[in-house]
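Just dropping this structure here.
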Amino acid sequence: MQNGANKMRKYGVIGLGQVGATVAYTLVQRGTVDELVLIDHNEALAQAQKIDLEDASPRLATSTKIILNDYSALADAEVLIIASGNIKAIDMNSSKGRFGEYDSNQAIVRDIAPKIVASGFKGILIDIMNPCDVMTDYLQRLTGFDHNRVFGTGTFLDTARMQKCVGQALHTNSKNVDGYVYGEHGNSQFVAWSTVRVNGQPIAHFQKNANLDLDQLEEDARQGAFAVMNGKHYTNFAIATCGVRLAEAVSADAQLACPVSAFDPELGTYVGMPAIIGKNGIESLIRLDLTTAEKASLAASAKFIKENVDVLPVD
Amino acid sequence: MQNGANKMRKYGVIGLGQVGATVAYTLVQRGTVDELVLIDHNEALAQAQKIDLEDASPRLATSTKIILNDYSALADAEVLIIASGNIKAIDMNSSKGRFGEYDSNQAIVRDIAPKIVASGFKGILIDIMNPCDVMTDYLQRLTGFDHNRVFGTGTFLDTARMQKCVGQALHTNSKNVDGYVYGEHGNSQFVAWSTVRVNGQPIAHFQKNANLDLDQLEEDARQGAFAVMNGKHYTNFAIATCGVRLAEAVSADAQLACPVSAFDPELGTYVGMPAIIGKNGIESLIRLDLTTAEKASLAASAKFIKENVDVLPVD
Amino acid sequence: MQNGANKMRKYGVIGLGQVGATVAYTLVQRGTVDELVLIDHNEALAQAQKIDLEDASPRLATSTKIILNDYSALADAEVLIIASGNIKAIDMNSSKGRFGEYDSNQAIVRDIAPKIVASGFKGILIDIMNPCDVMTDYLQRLTGFDHNRVFGTGTFLDTARMQKCVGQALHTNSKNVDGYVYGEHGNSQFVAWSTVRVNGQPIAHFQKNANLDLDQLEEDARQGAFAVMNGKHYTNFAIATCGVRLAEAVSADAQLACPVSAFDPELGTYVGMPAIIGKNGIESLIRLDLTTAEKASLAASAKFIKENVDVLPVD
Amino acid sequence: MQNGANKMRKYGVIGLGQVGATVAYTLVQRGTVDELVLIDHNEALAQAQKIDLEDASPRLATSTKIILNDYSALADAEVLIIASGNIKAIDMNSSKGRFGEYDSNQAIVRDIAPKIVASGFKGILIDIMNPCDVMTDYLQRLTGFDHNRVFGTGTFLDTARMQKCVGQALHTNSKNVDGYVYGEHGNSQFVAWSTVRVNGQPIAHFQKNANLDLDQLEEDARQGAFAVMNGKHYTNFAIATCGVRLAEAVSADAQLACPVSAFDPELGTYVGMPAIIGKNGIESLIRLDLTTAEKASLAASAKFIKENVDVLPVD
């Protein structure tokens, strides 16, 4: 008598602070999934998010089932988004930046990785937790999942910020700006200007015509993140939108080109670079012809990430 | 290395005329499904619909894979919508109405039912093909699927038309109108006025206040369908919207109350009445306290449907 | 050379805490508006919300212009949502509840009302600020706008909570539950059970069949709000969804029946009751045949609201 | 008492055959507009489309008012989409192709242009009618509207087809393919391969790696259109999606880079090329560094279009 097809779209979200909760809200608003497994060690917070989302349901055209704090429900989930963390540990005004969460979040990884493995989760794991590249790598190591099944939002957000800043400088839509921010989702990231095009023209074309100061633009994008942190003490809207878009690309097997934190076997670590996202997570890396300087920046950023992962305990 | 979760949303549509194609277009526009299996014996038509839908994809935020004329791809589909038929056989101005397709569509059922069974399809079958109740019943008989796994759009559309006509008569939004059209998706259907409420008030309240002529309203709704047929020789937008909404209710296991063509064991046939739609298709029938006259109308409509199914060959 | 039609959809939001920011995010995610005026006296917070929303834009199919802290930009806005407040002043565990914000928010009304008037705003004002009914009334008094142009979200959210609790108790979708919570968006609110129907049947039908305890259900809905406050110290998802839905009903002139905080000339105050929402804001009140007890509860709730408005200074 | 803001989104569509009706359906499904003016000289067809769309409304979360055959209602419309035509006059297998509609559609332009002017329409006119570039130019001449206020879908669809074919050849998402088809929306169009990039890499990169035959790909894209016409005798889904996307870019003042049929003062005619779309219609043309051969192809295509416009009567 049952529907034997059992193809309900099911995602999980671990960590229900501002970011995880906004991811959940976005999924519920868009009707992306049929079932949503929400997990947080703060039981009262988890209950609050579930109730708040369910109270919205009578006002939405779609319906989403919410399952709370049940790791076993992840067994047949398609995507698992990790948004844990302690935002208060981040001090964007200190040199540590997102590394403020390094100590507390590595402990979270050690806590949740075995639980994820034990759940029988067979889907794709998308990490948002900071420092993103380090924690993505650490999650892969501690879960033992194939590298393609684990990736981080990485520079997908930083690239959006670059698109926005370039778009504003040139008075055009950020969607008209192509190109990628590479490297760490952190201080050692860089805009690979050789990849940036606006309305189909290389950025160099505008540099002379519009007196574009690329260093300043890169700095503006970075300062934007600081301004958000200073003003609201966390960021959630853009990062949640990025996370949801990546998850939907996995669901649809979209084979979409996105800059994310992917494992590069040549560099031996997770690091931000363009990759193809599909039902297997990272389907392939996109190897662009970077300049010598860009290659060096990428190597340096990867080295920094790798050093910070390699010192983490693996058993 | 693969995503073992394999939870892509997958629907099939058989019959790619105006209705089936509009169902497919609506699904692609909304990004409802990850994979869409399109089937039509007219290979050129099927190819045309696939290409036209794929040409839209670069202009949409979502991505949908289209698989053409492959019954075996239905094995793991969640929902299968039947929109076959020969619209030219319908003559709304003759007494036969939607029964103009009776002869040609029963042959289609005999053609496709064994192919659906052979495909290993385990999901929910939603029939739009006319005469809807008869063909839904016949599809259930020839597939042998449990009754709950097979239902028809039935009076879901007629109810929408009633809501619209009542809304227009009372200068209010059709969404403010509750209630159900029961019976055949055809001439013997009727508005169960005892179930109709507007802004939370029984229709009787408006009947005196606004000089509402219920017989005329029922006739207006029916004439609307004629006007569509006369003007464009088919209907597609409203019926496709209804089909997609029901399919999405199955995907989300929404437990949504909708008037559809469901099997009523007491009446021994499929017939339009409110039911709860969820992942198992028809989760339960909703038994409202109809008036004696309404009960009689329903029995008569059901009898008419049953007689037209019972004479159809089953082997 | 210009587009003389100038029909861009433009909304304003005053107050960019959790609720106002989530309203803004929902509008940007849905692509509801072309221009969004965001106003908050905390300049750093306002900047942060703007940047975070703009950073999401490259990842969305739609585009929304954001204008910051410019009251004059409200002159041609269609809808203005007031989401100001000091959530820390609310203590749901004290008898004051949402009245914790009474003192601070009346000061906000006195601050913003003349600025709204001075802006030349000609659209519809939707208040979310608590205590909702009192502040909506006060906003109307201090702006001098016609009563229909000012309304509050009121019991639109409480009704959603009731629908959810009833739906969960009966294992059905909250969308299958009709009916209204009346009165104050606060402690004196009540479920008008005479208006509540599930799947087209009066709630009384289920009361005996399913051993439904209506008092407990009403308490559950109320406790849900407490649980959200206790767990996350604010609510935002459901209330923002309610606010956006009402704003969209204004934009579309939807003539949609919704329970909101509307001015009832008979009761002499704003209070939660069903009304028709359209381009003029409150198009009309819906007068249902409440029971004598329900009428008394409504009068008592209205009296409480009115007393709390009447003591507020008007010049 | 009224909402003085009067900012409802309002579009018009002239021509309610497959394309115009699908444009209307897409707008209603997406809830893009608040009011939709539908115009067709076939009164029965117009009525049928209106009824079919209104019958869908109770099943949608959004609401759209439909106004029928009233040119005066265009006075405050923001966008007007022209989808008139006689699809039967197109014979894709003859050398005339889309020029089969040349004779009948120029008569339609002479009929509707003065009516549009007389309506007081002040918005942006988007032409889909074929042959697209010629009829767009003719519409501009006969309405006398500024060139920026009139443009055609032109190669926006052909570019989508190119993206799809390149994407399929390289097993990647069509959204990963950038670049433009220039020239006539007809036989003299061409892919400007110098502008085409996949995942950020020039197409030349793939030409050698993947043995890509660009001539064949260009032919595939063109044959796709033929296959659609042969199979369903019209195309509607992709072209309607393109038209809606352009209209929404106008509404949002998106400043989006899109290849459309825009007036190029250097070439003295409308012709397909990338342009920036915003609230003023064509905000600016995008001048890419085409190869000498591409420039020659564009000039030849433009010359063909101009010759076919110049012979049309202007008074």
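By written order: A, B, C and D. Residues from 1 in each chain.
In the analysis below, contacts are C-beta pairs under 8 Å (C-beta built on N, C-alpha and C of every residue); 3 or more make two chains touch, one makes a residue touch a chain.
None of these values were measured; they are calculated from a predicted model.
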Please identify the chain with the largest separation between its CA centroid and the CA centroid of subunit C. D
Would you kindly state whether over half or under half of the residue numbers at the subunit C/subunit D interface are used by both copies, giving same or different? same
Could you put a whole-Å number on the gap between the CA centroids of subunit C and subunit D? 41
Subunit B and subunit C, separation of their C-alpha mean positions in angstrom: 36
Which residue numbers or ranges of subunit C touch two or more of the other chains? 60, 63, 173, 175, 254-256
Under the touch definition given earlier, write down the residues of subunit D that touch subunit A in their complex. 60-61, 171-173, 175-176, 178-180, 195, 197, 199-201, 254-257, 274, 276, 286, 288-289
Subunit D residues touching subunit C - in the complex, by the definition given at the top: 1-10, 31, 34, 62-65, 76-79, 121-124, 146, 148-149, 248-256, 279-281
Can you list the subunit D residues touching subunit B in their complex? 21-22, 25-26, 28-30, 42, 44-49, 51-60, 63, 156-157, 159-161, 163-164, 167, 173-175, 177, 224, 227-232, 235-238, 241-242, 245
